Every structure is written in structure tokens, then in C-alpha cells.
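Notes follow once the structure below has been shown.
As written, the chain order gives the labels A, B, C and D, with residue 1 at the start of each chain.
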Amino acid sequence: MAEKYPLSGRNGRENAIVEIGQGSCKIGGGHFAVIAGPCSVESEEQVLSIAKEVKRCGASMLRGGAFKPRSSPYSFQGLGLDGLELLKMAKEKTGLPIVTEIMSTEYLKDFAEDVDLIQIGARNMQNFSLLKEVGKLNKPVLLKRGPSSTIDELLNAAEYVLRGGAEVILCERGVRTFETATRNTLDISAVPVLKEKSHLPVVVDPSHGTGYWNYVEAMALAATAAGADGLIIEVHSNPAEAWCDGQQSITPALFCKLMQKINAVRATLNNLGGI
Amino acid sequence: MAEKYPLSGRNGRENAIVEIGQGSCKIGGGHFAVIAGPCSVESEEQVLSIAKEVKRCGASMLRGGAFKPRSSPYSFQGLGLDGLELLKMAKEKTGLPIVTEIMSTEYLKDFAEDVDLIQIGARNMQNFSLLKEVGKLNKPVLLKRGPSSTIDELLNAAEYVLRGGAEVILCERGVRTFETATRNTLDISAVPVLKEKSHLPVVVDPSHGTGYWNYVEAMALAATAAGADGLIIEVHSNPAEAWCDGQQSITPALFCKLMQKINAVRATLNNLGGI
Amino acid sequence: MAEKYPLSGRNGRENAIVEIGQGSCKIGGGHFAVIAGPCSVESEEQVLSIAKEVKRCGASMLRGGAFKPRSSPYSFQGLGLDGLELLKMAKEKTGLPIVTEIMSTEYLKDFAEDVDLIQIGARNMQNFSLLKEVGKLNKPVLLKRGPSSTIDELLNAAEYVLRGGAEVILCERGVRTFETATRNTLDISAVPVLKEKSHLPVVVDPSHGTGYWNYVEAMALAATAAGADGLIIEVHSNPAEAWCDGQQSITPALFCKLMQKINAVRATLNNLGGI
Amino acid sequence: MAEKYPLSGRNGRENAIVEIGQGSCKIGGGHFAVIAGPCSVESEEQVLSIAKEVKRCGASMLRGGAFKPRSSPYSFQGLGLDGLELLKMAKEKTGLPIVTEIMSTEYLKDFAEDVDLIQIGARNMQNFSLLKEVGKLNKPVLLKRGPSSTIDELLNAAEYVLRGGAEVILCERGVRTFETATRNTLDISAVPVLKEKSHLPVVVDPSHGTGYWNYVEAMALAATAAGADGLIIEVHSNPAEAWCDGQQSITPALFCKLMQKINAVRATLNNLGGI
């Protein structure tokens, strides 16, 4: 019988290791990486100061939205290509590879040149045209699970990207349920399920997954203990003034403390035979 | 206070009437229209014979997928531009305006020329780049609600299209729930909710909404009685041999009987002061 | 192979007809019945005046809560046995059989004596001890689907009651989804699904199903057109002053107009070969 | 303004510590406890051998179902009072306090005498009659969250029990979503949310939460890292032969290894300032 997910499925394979930024960063197969940064790029000063802080605390990559998918056309849509320029500048000054979301095939060339890890957002997980084109760019792709997509659909979406030749990192960021105390319900069990069904690295986003900064630490640690290969966390120097998603952003100070705990949990579990 | 949905919101407006195919078909504001046809365009003979049958039974427009969004890249992806040609041919021979889904900005020009009502599929409801571009084409748009999108998000998505100048028809096609007896849970209450919050026409898709042909009649009648402005129904001459979604397609014979009932329910309720 | 639902399943059976109130009211197998009345019994005057009004408009049974299941212990819990007495009084004066919810085995004897159709509420759909005991009372049971119960679970719950000997009427009253524009998402497709899988009568509750009085008419008509055997509707003479659920209660005047439409839709569809 | 949850709410209180079994076991306020044992009590030999094993590995309490709530009346319903006797025997021989589910007020006296921690199952979370009666028994109560109950409803349900005088431990055991790769979606974020809104101890059930034994370890560790006060885990010496839920039961050997990891994660996080 044909394999269900020929490229994304486990099919007896070892855990994949994805290299980002000419190998400066690795994720999967025992390599753990934390992506941190603001929801959206706001200014040179903002993105650079956050980049330096998160690097100092141990982040491996810098995230920041240049093109922002927003439910309403009247909300801030991101700085666009100007935002991309600011991310490049921050990368030059800190050495952190950059991760940012592509929303349209219009900017394929810009992303291919400048972005180290190209994010497909949750709303575009089944934008198959975009998946196909991004898959051909020869850059690794961070594929976020749609808010009501099944794990089966996520692996099929990965298949669209992988067929183009790109490597894929899967990202759980919360599913939509009836619960209103959190923005989404972060499906931590997606981690062991994906590790069983697939060989691809799995990253968890506790910021979108909960929607509130004060739940981020607990969920980041939960994801780590459950065996995630990495985390993507929103950090802002002044969450109250953030242009978007301030409510779910933690400060650099909290981020540093969290990194300590993450590293300690990983070390502890690795000593006991691995996660 | 600013209106929540400046263009799609009710805001005291009369029900919008959308004209399709140079006014050959109207929907909204008392005009009811049924869109019928196969899941996917398969061949000249297939699409033409179904088109003639559904026209004879009272359908106002012909649907048929040329570009098919499929969860798996290994499933049939549609005939593409060849499918579009077959739809044009069926339109020429029957006079039925054609409705088909656009999946990518790559084919904007083809759709602008050939398609009478451009469908944005459920998976692309928040593909904002596509929404913006399609909104500029000067063709009406059938915007399907995402399987886990709220009504608030649907109206915001409509806002993206309307800002470009196009007219919009909203379409409820089932939301994702825990229930597995049906493919989706068709949210009939979206009809009265949308009629209250918006002035745009509302169409219901009982085929995708249930996933099984034997539930289509009951749900088509339910949507009609609830006040929908139209329906979109999958019809296939030989469902067992359909290239996709045969399980949820009804035969032309059943479609004819259903049209009779739909018309009778509408006449009855209109006589009692309207739906 | 053994039948999946030996007693509640279709298994080739004709549609069941359930008689309520010594046969004064029938439901199922072509018999349609509307149950109407207030959310909770408040006073002699209140329940009697509503009972007279809904009877005049064509309701077949009177509903009214004496024991109210409330999420919070600090909300009004119903008049209890006093409420039951008021319902009996209303029954004596109008002849309408009474329908009310049992919450505990403590009152089995009272319900067996005084209530014509014993309601098991959505929260108690899997309170198996209660199901078993109520099934032995020799009174028909109105079994409401739990807000997140599958149709499979509903039929299994019916099985618990039927084994005791009682007859069962199934009731769809909305399932819990992510949508917040309505209190629940009324699953109208449960009607054709249940009619296929089961021979038991199916009633729909558009009041709890939507949570807002202005959506009740549309959904009551939708349920009727979809083939429901009956409806249960909250009616209150002064919704703004209702002790509970006023927001989803319609006035007697609206109820009368709705009954006209319901009857007209049923007559129309019956003329065309049945729903 | 009145407090929203007068008894279960945080309202500035310290974390509650609940004592079980005459103080032999504590949970909450820094005390962590693992409840382990079979889904259902099957025989003297079965329950005793598992009890000894889980005690040896560090479990604080023994779980085991005597009365089993089952969707179908044709499934095994538990040994009833005989099962309770076997649990008592196992308690006498191991010293482990026993935790088992009450399904009906019929057995209040038996549970008051013999059970150390009385479980209210997920299906009965809003069986308010049962909540009130169990609350008067002077025994601590393990209150499981319903599969589609919000956190707000869980705290209100706790309020019903607490008003009777009993102490309450809250339990997250998975909510119902569209995902089918797991039996439920274990809402780990309920842990930090409940710790913020309430002072009551929070326990997590990774067995029902996932439905598969091979995901239990990851989720048990996730819950621990997220700050849960305890876990309830199904353990069976021979899962393949278990009378119920064998698929989600781990063996004693796996349980021992898991306990090591749980303890190590807790020690690590406590050293860094607490979870």
C-alpha cells in the first residue's frame, strides 16, 4: 500500500534536522531552537533592541511580522517591504536568522533572497497555490497549523511544500474550540502525535496558542516537556504599546527567565533518556 | 462610533440585489437563485448534459470546479484552464452564467474574462491577498465561509473584497464540529444572523454542508425556509462515477423534484408576508 | 451482526408514533406537535395566561420549567414542586398535556403522577442513573441532545431509557461550537440524520438552539422544512421581565404568526409527497 | 461587586491544600500527587497487583472504576458494590487512599464510608443534584471537567459542591474538538488558567485526555511542567486484556519510568523558583 504521506510521513525515517541561515541554526533530531521577537516590526529601534535582547537570552532566530494577516482590512497590515528591510538590518547586526510570514506570491523573490525561514501562517495553511510556490524557493518553511485544521490536513499541506523541494518545520499554534478563556486551545498533544506520524521538526507557539502573556511560560514549558523541537514566542520591550498582540507578548526579562527553565527541563529529561 | 463593517454591514441599508451575467440572473432583495452543477468539470459531454438538465429544472447558474483545492496534492486537482473552456462552452449552449472557484492570483485575467460569479472557496476565505485582487475585477464574488470562521470573520473578509469595488454574495457551507455523522455541521442559523447584520445576499451549500446526498434535500429546504437568497447544489448525472464528491451529489431527477419543493415553500412563505 | 441501536435504531421499522396525555396528543409518523410555554414557571397567572395563548394559537403541549438546571448555584433554581402544581393547574384549565424537566431521581414519583412528557435536559443526557430510572416510569420521555454529544451518543442514551420500557422523543437543541453570534449552533442536519438512523420522533428547540428570539422564527421554519416531527418553543407574555431566558423567548403574538407559517409549510410539503 | 465564584474563585486566597485519607496524602499548595490504577476494577488479583506496583513507583492514591459510565447500555457497566469492596481490600493491603467515581445518589452512603476521594465524572459535571448531595458528604471531591464545558462552567460546578462543605480538586481530562487523532484534546492551558482564577488544586488526566497509551508520557510531563498539582493515570498490568480503555493504559513498568521523569521535572522547576 502506498504511504499516506510519502514525504512528510514518518515511514521509518529518522527525525529530520533542518538547517537555517547557512547552518547557523539547526532544529530537529535533538537540536532545539527558540524563535523570538515582536508580533510586528514597528521601527529600526524596536526590532533591533528586541533582537539583541532575545539573542542575549538564548534565542536562535528572530521573528517579526512585516506582512500581517488581519481579520479586518482596517487593522494595521504591517510595514511590508520596509519591515523586511528592518529585519535584514537586525540580522546583520545580531547574526540571528530571520523568520517572517509570506502572505502572497507577489513577494516570492524578496522572501527567497532575504528570509531565512519562511513562515506560512495558519490562515494560509490550505492556500495551496502559495504552498506550491514557496516549496520551490529552496528555503526552509515554517508551516503553521490552521486553527481548525486536523493533523491529517497539516501533514497533507506539508506534502504540498515538500514536493517543491523545500524543507518543512511544523508548527502547532492553537486550535479553535468553544473555550473563551484563551484565544485558542493550544493542542500540546499534537507534539507526540506529529512525532509519531512524521519525521519533521515540531515547533509550538504558546503566544498565539493562549493569547495571554501570563499563560505563555506554562505552555512553553509544557511544549518543551512534551518533546517539541522548538518554540516561537512573541517578545516585546513594551507590550502595552505594541502595535499588535501586546496582550500575548512577554518582556525580554521574562523571556530570559523562561529560557533558563526551558533549558533546565530539556537537560533534565535528556539525562533520563530523552524526551 | 464607526460602523463595524462599513461596507458589508447592514447599517440601515436595504437588501442588496446582485446581478450576474449582464443581469440575466439576480440574487437578493427578493430574488432567489439556485446554482447547480458538478463538483468538478470532467468532460464536454458531462458538463453540458448536466448544464442542460439543471437549467430545465430551474437552476439559474451553472457551477463546476476547474481548479480544485484538495487536502492532498495526490488527489485530482481539476482540469484547470481546460475546465474553464468547457464551462464557457456550456454557458454558450445553455445561457447559464457560470460560477467557479479561483485559487490563485495567477489566473485573475482568465476569471475576469470568462467567469460570471467568481467563487472564493472556504479554505481561502482569509487569503487576504486573493480577496484584495479579486475585489478589483469588477465581477461579483461568491465568498464561502471558512469551516471554522466566525460570522464576524466572514463579514470582515467580505470587507476586503468590497473595498476593491466588487459585489459580494455570502455563502454558508458548514462549520467544523465534533460531529462525524455529517461532513460538516451546516449552520442554518447563519442565515438569519447574516440577514440581520448584513445587507448582502446569503446563499447556502447543503452539499458540502452535509457531505451526503441523502441529506441535501432536507437541508436545502431548511435553508430556503430560513430565508436564504439562494442555494448552491452539487448535481451529477452519475454520482457513483463522479471524479470528486460523488457521495454528496444528487442526480438531475432528484434536483428537479427538489426545485419544485423549494419553489413551493418560497411561494407559501411569501404569501404569508415573506420569509 | 447485532444491530447497533437495538431499540432506538431504524432497523427497518416504521416511524414511531408517541402518544402523550392519554392519546390527546400524538407525535411522529406524520403527526406534528408544537410544545410551547415559558422557560420557567413563575406564577399561577403567568403560566395560565401563556398556556391559554399558546393553546389558542395551536400548541399541542405546554412546557414550563419547575426544576431549572443552572450553571451557577446562585441563579434562580425554579419553583420546584410548587412549579409542578402550577403546571397541573394550567393543564386542568386548558387540557394541554405538560412537559417539564426532571433533574433528580428524588422526584420520580411526582413526575410519574403529574407530568405527561418527562424531559431529560441536555446536561443530563448522559446521567445514566437518571435515564434508567425515568425509563421505568411508563411515561414518554423527551430526551434532549447534550450540547457536545454526538448523534451516536444520543441514540445510545435513548437506548438506556427505552430498555426501561418508556417511549422516547429525541430533541435537537443546538451544539457547542466556536461561533459566538448564537448561544449554540442548532444542528438542523440532525433531523435527516436521525430520521435515517432511527424510527423515533425528532423535535427541534430553536429557542435554546439560537439563544435569541429574533432568530427563532427562521429556525423553527427550517426545522419544519427539514422534516422535524415537532418543535419546542419558549413563549413569554413579557420576555423583558422573564425570570430566565427572556432573550430567547417570543411573545404569544409572534408565536401565533409563526404557527401559521409552520402549518403552511407543512401543508405545502405534504402536498408534494411529504417532507 | 460580588465575587464571581465566591468559594472556588481565587479572590486573593493562597493555594488550597486538600488532605485525603486522614492526611496520608496532600495535594495543592506545593504538594503533588499522582493517582494511578486501572480503568475498571476487574478482580482481587488484578486490582491488588496493580495497586502494589503503582505504590512502589510512587503513586499516592489508587484509582479504579467500580461504577462505569458507558455511552452504551450494552457495554460493561462495572462491578458495582463488589468493585468497591475490592478497592477497600486493596487499600487495606497497600495503605493507598482510593479514588472512584460516583454515578448516582443511590450509593451516597457507601461512598461516604469507603471512598477517600470521590470522583464526579465528566458526564456528570453538570448533574447538579449529584453535585449538591456529594458536597454534603464530608469527603473531598475530584471534579472532572465536562468534555465540552468551559472553565467558567467548571468553576460554577465546583461552587455547587463547595457550598455543601466538601473540598474540591479540579480535573482537566480533555475537551471535545474536531481533531480525531486523539480521543479528546487535552487542554493543558486549563492549568495556568485555573491556577489564576481559582485557589483549588488542579489535576490532569492524560489517559482520557489523549486516548492512547503512547501519548500519555508526553502529556503527563507537559501537565507537570505547566504547573499541575497532580495527575491521574490509567495503569494496567496487561493493557491488551483490560476490560475497558486498554488502549489508553500504560504498564506498571512505563509508569515507573514516567514517575522518575515527573519527579525530575518538578525538582528542576522548583529549583528555579517554582512552577
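Everything that follows uses one rule, which is that a residue touches a chain if its C-beta (ideal position, glycine included) is under 8 Å from a C-beta of that chain, and two chains touch if they have at least 3 such contacts.
Worth saying up front: this structure is predicted, and the values here are computed from it rather than measured.
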| item | value |
| --- | --- |
| Given chain C and chain D, the chains that contact each of them | A, B |
| Residue-number overlap at the chain A/chain D interface, same or different (half cut) | same |
| Rounded Å distance between chain A and chain B, as computed from the means of their C-alpha atoms | 35 |
| Intercentroid distance (Cα basis), chain D paired with chain B, Å | 48 |
| Distance between the centres, which are taken as Cα means, of chain C and chain B, whole angstrom | 34 |
| Residues of chain D touching at least two other chains | 148, 152, 176-178, 180 |
| Complex interface listing, chain B residues touching chain C | 148, 150-152, 175, 177-182, 185-189, 191-193, 196-197, 209-210, 214-215, 217-219, 221-227, 257, 260-261, 264-265, 267-269, 271-273, 275 |
| Of chain D, residues touching chain C in the complex | 6, 69-74, 103-106, 123-124, 126-130, 146-148, 152-153, 156-157, 159-160, 163, 176 |
| Interfacial residue positions of chain D with respect to chain B in the complex | 148, 176-178, 180 |
